[in-house]
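Common to both upcoming complexes is subunit A, partnered first by subunit B, then by subunit C.
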Partner chain A sequence: MAFQILLNIIISFSWMFLKNEWTFADFFVGYFWGLVIIFAMKNFLPGRFYFERIIAAGKLLFLFLKELLLANVQVIRDILRPRLDIEPGIFAMPTELKSEWEITLLSLLITLTPGTLVMDVSDDKKVLYIHAMNITDADQAISDIKNTFEKAIMEVTR
Partner chain B sequence: MKVNDMILQTVTTLLSFIILIFSVYLFFAGHYTPGGGFIGGLMTSSALVLILLAFDLKTFKKIFPINFLTVAATGLLISILTGVAALFFDVPYLTHTFDYVELPILGETALTSTLIFDLGVYLVVVGVAMTIIQTIGESE
Partner chain C sequence: MTETISIFIGVIVLLGALLSLITTFGLIRLPDVYCRSHAASKSATLGVLFVLVAALLYFWIKDGFFSARLVLGIIFVFITSPVAGHLISRAAYYTNVPLWDKTVQDDLKTKNKQKIVKEIKNS
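Coming up: the complex of A and B.
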């Protein structure tokens, strides 16, 4: 990933040296051709083609914004109801993510979507403890998070 | 009771660098726009305090094996010497000069001796703030 980006920047600079033009526009053109070349040679390089990951990161951002909107609407509905009809609870969610960055990203995404809040991470980094505002079915909540955020994060990092 | 600070520590590793570059920007912005040595120094201290909060004092001393009192003293010395340097040019104490200089890469740049004075202020603020925080943190 990092090696491919570095290679792309080196290609851009080579393009600028060949053209002898030192503007951002020429860097951009060189970067575009570098992207085409790296896409053509992607089986020669280790790892996945890095632009796929950038698209996956964009998808993750879009998913986050969508979830934020939906969950906020849900919380507004809970607040405006005349009778408070919520069942708060804490549940443990086993996670398959390995690195600290992935777990932190997942925790922040869970926390920023209203209704759920990460309270703690277990010492072996395998379980997240989540407080939910309105929880009727813990397994349902776990599978929801797993199918949306965790899958999207894995798309980016693996 | 030991809690797992993993989320705070991971975010700190990224955020402290962003705060540090912002402090450098503030330090150099001081001549024409809001900013300067004092606020830059405070911003640098806030980044260091964030590291101190997320990790512990022992780790912090491993990252910065310097005595912050020395930093404050160095800053004060720099500020005084920029003032004294004015005496060699037969102008009053603390007179500052300003000029446009041709630099090899940057081209025409406005350089002023106030920047060196500001660097002294910056170091004093960082040194004093960090000394206060560390001494409070150490005393049981």
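Coming up: the complex of A and C.
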């Protein structure tokens, strides 16, 4: 991915050299043509077309903001309810993600999802231990959310 | 600066302040460290975020001054506060801070205990 971005920047600089004009707008036009060229040559380059990944990252950011808002609504509801009606617990969740970078991102996202907080990652990096505020209604819903998060992260990284 | 925009910014500031207040209620009311850390790591993040966004918008619209430092601040708070919540609750668990009585499930207990004990002794 980094290689493709670098290639794209080199192409846009060659565009600026060809036009002999040194403005940001020309850089942008060159970048656009570089994107077209890289898209045309994507079968010869290693990895996926990188712009797809950038779009996936944007989707992930959007998902993150949405979950943050939902998480807060739920926490506020739990706190302000007159009778404290929570059932906390710790459950284990197996994960398919491999690299440390992906696992860090996943635990950040989980921590900001409704009612869950990552407590520990097992030593072989296959299980996440998560503290949930409402474990009864959460189990199924949480595994769904995890699937969407894990999928979104995989879209970005591979 | 038009009236609607200033009202909008005011609402954002008040929401942020309200969220911080609710976080404080949560810290007082909730029964154990782990539940408190839920409240602290979520509502406080969004509360600070709202206040910073409102400050950013205010100076941008009023003075035409776009403060990149506030944007950086938002990003830093976003990244660091869940990590802090995680580390605090993890440290609490491994120094044997008890869970609440009504806690229903504890999968972490079955994790290899000896290794953890060794880890604590070494540190």
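We take it that the second predicted complex is superposed on the first by the 151 of 158 C-alpha atoms of A that agree within 3 Å, B and C clash if a C-alpha of one lies under 4 Å from a C-alpha of the other, contacts with A are read in each partner's own complex, and residues count from 1 in each chain.
Going forward, a contact is a pair of C-beta atoms (placed from the backbone, for glycine too) under 8 Å apart; a residue touches a chain by one contact, two chains touch by 3 or more.
Since the model is a prediction, treat every value here as computed from it, not as a measurement.
Look at A:W33: by the touch rule set out above, it reaches neither subunit B nor subunit C. Within the superposed three-chain model, A:F13 lies out of touch with both subunit B and subunit C [touch as defined at top]. When both complexes are overlaid on chain A, the residue A:F49 reaches neither subunit B nor subunit C.
In the superposition on chain A, A:K125 makes contact with subunit B only, while subunit C stays out of contact range.
Ranking subunit B and subunit C by residues of subunit A touched puts C first. After overlaying the two complexes on the shared chain, residue contacts for A:L80 are found with subunit C alone; subunit B is out of touch. In the superposition on chain A, contact of A:I103 is made with subunit B only, not with subunit C.
Common to the subunit B and subunit C interfaces on subunit A are residues 107-108, 118, 120, 122-123. Residue ranges of subunit C in contact with subunit A, taken from their complex: 19, 22, 25-26, 29-32, 34-35, 37-39, 41-43, 45-46, 79, 82-83, 85-86, 89-90, 93, 99-100, 102-108, 111-112, 115. Partner subunit B is touched in their complex by these residues of subunit A: 100-101, 103-104, 107-108, 118, 120-123, 125. Those residues of subunit A that touch subunit C in the shared complex are 68-69, 71-72, 75-76, 78-80, 84, 86-92, 107-108, 111-112, 115, 117-120, 122-123, 129, 131, 133, 135-136.
Within the complex, the subunit B residues that touch subunit A are 3-4, 6-7, 9-11.
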